[in-house]
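For reference, chains read A, B, C, D, E and F in written order, and residue numbers begin at 1 within each chain.
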Amino acid sequence: MYLEAANLAARRGEELIFEGVSFRLESGEALVLTGKNGSGKSTLLRVVAGLLHRERGSVSFTDSHGNTLRRVGEISHYLGHRNAMKSELTVAENLDFWRCFLGDTQGGSTVSIDEAAEAVGLAGITQLPFGYLSAGQQRRFAFAKLLIAYRPVWILDEPTAALDASGDRLFAELIEAHRRKGGIVLAATHQPLGLEGAQELRMAGFSHTGPGVWA
Amino acid sequence: MSETSLAITKFSDLANPTRFLALAARIIPWMAGFTALCFIVGLYLSFTTEGDYQQGETVRIMYVHVPAAWLAMMGYTIMSLSAIGTLVWRHPLADVSAKAAAPLGAAFTLIALVTGSLWGKPMWGTWWVWDARLTSVFILFLMYLGLIALNRAIDDPSKAARVSAVLILVGFVNIPIIKFSVEWWNTLHQSASVLRLDGPAIDPEFLRPLLVMAVAFTALFFTLHIMAMRNEIWRRRVTAQRRMAARLASREGQP
Amino acid sequence: MTHAFYVYGAYGFAALVTIAATLWTWADGRARRSEMATLEAAGIRRRSVRTKDGE
Amino acid sequence: MMALLLRDLKLSIRAGGGALIGVLFFLTVVAVIPFGVGPDLALLSRIGPAIVWIGALLAALLGLDRLFQAERDDGSLDLMLMHEHPLVLTLLVKCLAHWIATSLPLVIASPLLGLFMNMSETAIGATMLTLLVGSPAITFIGAVGAAVAVALPRGGLLVSILVLPLTIPVLIFGVSATYAAVEGPSPFLPPFLILIALTLFFAVIGPAAATLALRNTTD
Amino acid sequence: MMALLLRDLKLSIRAGGGALIGVLFFLTVVAVIPFGVGPDLALLSRIGPAIVWIGALLAALLGLDRLFQAERDDGSLDLMLMHEHPLVLTLLVKCLAHWIATSLPLVIASPLLGLFMNMSETAIGATMLTLLVGSPAITFIGAVGAAVAVALPRGGLLVSILVLPLTIPVLIFGVSATYAAVEGPSPFLPPFLILIALTLFFAVIGPAAATLALRNTTD
Amino acid sequence: MYLEAANLAARRGEELIFEGVSFRLESGEALVLTGKNGSGKSTLLRVVAGLLHRERGSVSFTDSHGNTLRRVGEISHYLGHRNAMKSELTVAENLDFWRCFLGDTQGGSTVSIDEAAEAVGLAGITQLPFGYLSAGQQRRFAFAKLLIAYRPVWILDEPTAALDASGDRLFAELIEAHRRKGGIVLAATHQPLGLEGAQELRMAGFSHTGPGVWA
């Protein structure tokens, strides 16, 4: 099982943000994107997830049976800057919805909503409306979403934003657990996540200052 | 003093939910008895007094219609007073009072509307006309329903109470419109003949049952209002205790 | 009696609504009371009661 | 998909009191009309079907523009776009939920409203039927606008130009079918069939166009 | 305050569709009414002012529910609440911007709409004048609803329900002033003066109540 | 000049989140709030800013002439989790609006929009719509808002969320500069901000689990 990206390039507006980005992640490996603000980390993650059109290059996922999939989004979890939860609904309703909507990709085991809440350190408050939680609590439950439906690839954009120190450790452990079970992790971050043996990719921003399509 | 919340201690004994519950338990039976008595006398009077030479038997509808219409307006007035209590003193019992009055007010408004149209059919030949009095009562009904819906849509009760309080106060403009619509717009509906400055202009023959029924309806309203307030306080206690239980449970699970 | 339908209709409807409102209020009260009883049975008690017990 | 439908319905209930709201809204709109046109019952009963249809249009428009924007703002849209369910289906279900939450109560309440407007039984039945059949089309058209609103954050104007003119044919055939049923001489079926055709057409075109717009969102 | 006005106008053009949506909505309504009334031009011209007024009322509702919700969602509302400008003034300016963006175009377009409805010159003039004077009142009342909507996760229909009944007096006097101008026998001035009084009254009450609501809903 | 809070208590929903919080900050001092997720940091900041109703206690600001002000919000900047910028408008339009709207409190000097952009390290892209920026760039411009209108008190809720390392340093310097000019800073944070000699207040969360008014 591996995730492969070859010679990726992406444009934001008119500018080429990066080009020639390639990587290959085997089962259990992690790639950490670092770089200055605006250097294109989020852009790269969204390109891999299929949320942004890519200018050049290819992304593909090959599972353990050797089948290759071009639409990597389908087998990935994406945790963006925003939490994808409705503040009107309770945490349990939110998580339940995503569990039903996302369904299960075969090959993995998932946990119940209560167990997921337990895992992110917030058991017992799943009956509160999501909007009533503090920023860090919201982030934790957004992460719990990754546990209730199995996906081999996790794409995480600054997962530990707004978390306290114990939350950082907790997330690191959950990510490590996912890797141990053979999952692949792609994360953008400004603070060290504490992942063992993760590859690092430094984004430089504006890969070329030359004129765009028009000149 | 079992209660120590600062917001509460400022107020008189009645203001304390626990005191209120004790008081309610004591007076509800008396009020219920009084209501029943008034209704017995009122209904007896309404069906034994003579009919009007012009309106015939239908004048008897007046004995329900008019008290119901008065209470529809009074219910809203009570809500407005509670709303002031909510906004000015942030008083929890005022929240409860406004919330409990809404369904009751809506019920009495509905009675006034339906008995009014039942009266309108023989008198005016139509169930419904869009005249100012009728429409403004209809709008009162809609406002009651809207406020009930609003209260349900916000799940933090004290916030819900404060928000509805603002709307209740703004909506109060409708009450004078109802009251004076018949004078401002010359319409089909009767103008005031009981509640007017120069004394009632109505035959005592009709006035007696009308007043007894009015007292009966008012007593019913207040009985139900106090009962509904008590229910609401209980409801909030239950939720508070449930939440506390959940909190304690999660705390024990997570040292 | 002239227009008996309208008169009895009006009284009937008024009775219906008032009785419904009364019953509903009463049933609501019973439901709340039983909820409190179950909470009590589950050992969750009001703080004021508890402190009073402790005293 | 059931989960999505339920969630959207729950959301619309949480936000504003649920099914009752549509009816209440409508009652309010209808109660306002006689103040404008005057308490002329004959006139009211004549314009009744048109008013009911306009109310349906307004109800569908309120909140429709946020159909996908709300999802984008909290990031849910990303996850929906990534997911393997055909996106068209997801959008169809979202439209359905919006229709159930805002238009269906109107359809159900329309007999009551008809009474208020002093409409005849035939007129009430015809209005209800045409509304049931025609109002989904308005939602589907609106969905395209909502999707465009997400795709072009600064495309506000475009949305209104896109949505409102497109709804005019639906409105016209709906209303004229109703009047044909009530008054004759023109037959009821032709405009009614056209209405059905319009709804089916937009049920296909709407979600498909919305999908296209969402897939091409700029970020 | 000028800055706020300008920003809100810019936003309504960039994001909401602004000016056009009211006019388009209005054209849709006007396109449908003749079906109900039939091709009877005299009748059409008679109910014309009422229809224009109702249209203005409904058009004012579009987008109103998001007036403060949008500010809350991106955090701007917090800063506005903290600021030393009297909050009432801020809200007044926001109402004004909303009025300019949605109702003013309608006022300006009303002669055109009057022509569509076959109204006489006096009627058109009177409608335009009463609309100009009366429509701000609707916006001010709506602002209260919008402020309440901040407490709701999503506004939508509920807000309109709460707001619409309160606008009825405005509608009544607006329409009756117009009719008085067109037909006599009752004089034009009394209802028109009441209309002005209503607008002034709500210009004070509306922002004040909205302030009260906003101060009580933040979290 | 000092900011004083005495015996503050606040409720969220029905629960008392904290009580008996008092502090006094002299001109040039800073207070850093720390604590677990959901411990009430944001709540405290919002109470001080006057955005949340306080259950008990008082907050007041006394300026250099000895005038005491009860509504602290008026002389404070508040930077919350959300950036208070419209993504449809350009950065310059956004900043310009806030400059006009907020006006100036006497006693301080402010900088122009371009200088503020320069100060947060993003000169030259003020003509872009705010929505086109990366998360960190948005946060930087939200911070630039604090520079364009003078306020003696800054209330910052996780100011460095989404920032890269250089951004952290930059913000720390800007905050220090504000303190040197006599400003007062109140900040909630999970990562050390690197402020010299700042007081620290550890929030504990749920000061008491008892029932509220109703029981």
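The rule is simple: contacts are C-beta pairs under 8 Å (C-beta built on N, C-alpha and C of every residue); 3 or more make two chains touch, one makes a residue touch a chain.
Note that the structure is predicted; figures quoted are calculated from it, not measured.
K.L.:
Same or different for subunit D and subunit E, where same means more than half of the interface numbers show up on both copies?
P.N.:
Shared-number fraction above one half, so same.
K.L.:
Compare the CA centroid of subunit A with every other chain's and tell me the farthest one.
P.N.:
That would be chain B.
K.L.:
Could you quickly compare B-C and B-F and let me know which has more C-beta contacts?
P.N.:
Result of the comparison of B-C and B-F: B-C.
K.L.:
Whole-Å distance, subunit A centre to subunit D centre, using C-alpha means?
P.N.:
37
K.L.:
Quick one: subunit A and subunit E, Cα centre-to-centre, how many Å?
P.N.:
46
K.L.:
For subunit C versus subunit F, what separation do you get between their C-alpha means, in angstrom?
P.N.:
So the centroids are 49 Å from each other.
K.L.:
What are the residues of subunit D that contact at least two other chains?
P.N.:
Residues 11, 14-17, 21, 24, 28, 31, 35, 38, 73, 153-154, 219.
K.L.:
At least two other chains touched by the same residue of subunit A: list those residues.
P.N.:
Those would be 12, 81, 86-88.
K.L.:
Going through subunit B residue by residue, note those that touch at least 2 other chains and give them in order.
P.N.:
Residues 3, 135, 139, 142, 146, 149-150, 153, 237, 241, 244, 247 of subunit B each touch two or more of the other chains.
K.L.:
Which bits of subunit D are touching subunit A when the two form their complex?
P.N.:
So the residues of subunit D touching subunit A come out as 2-4, 6-7, 10-11, 14-15, 73-76, 78-85, 216, 219.
K.L.:
Spell out the part of subunit D that touches subunit B in their complex, as residue ranges.
P.N.:
Going by the criterion above, the answer is residues 14-18, 20-21, 24, 27-28, 31, 34-35, 38-39, 41, 44, 116.
K.L.:
So in the complex, which bits of subunit B are touching subunit F?
P.N.:
Going through subunit B, the ones touching subunit F are 3, 5-8, 17, 92, 156, 158, 233, 236-237, 239-241, 243-244, 247-248, 251.
K.L.:
Can you check the complex and tell me which residues of subunit F touch subunit B?
P.N.:
It comes out as residues 13-15, 55-56, 206, 209-215.
K.L.:
List the residues on subunit F that touch subunit E in their complex, please.
P.N.:
12, 46, 49-52, 71, 73-74, 76, 78, 80-89, 93, 96-98, 100-102
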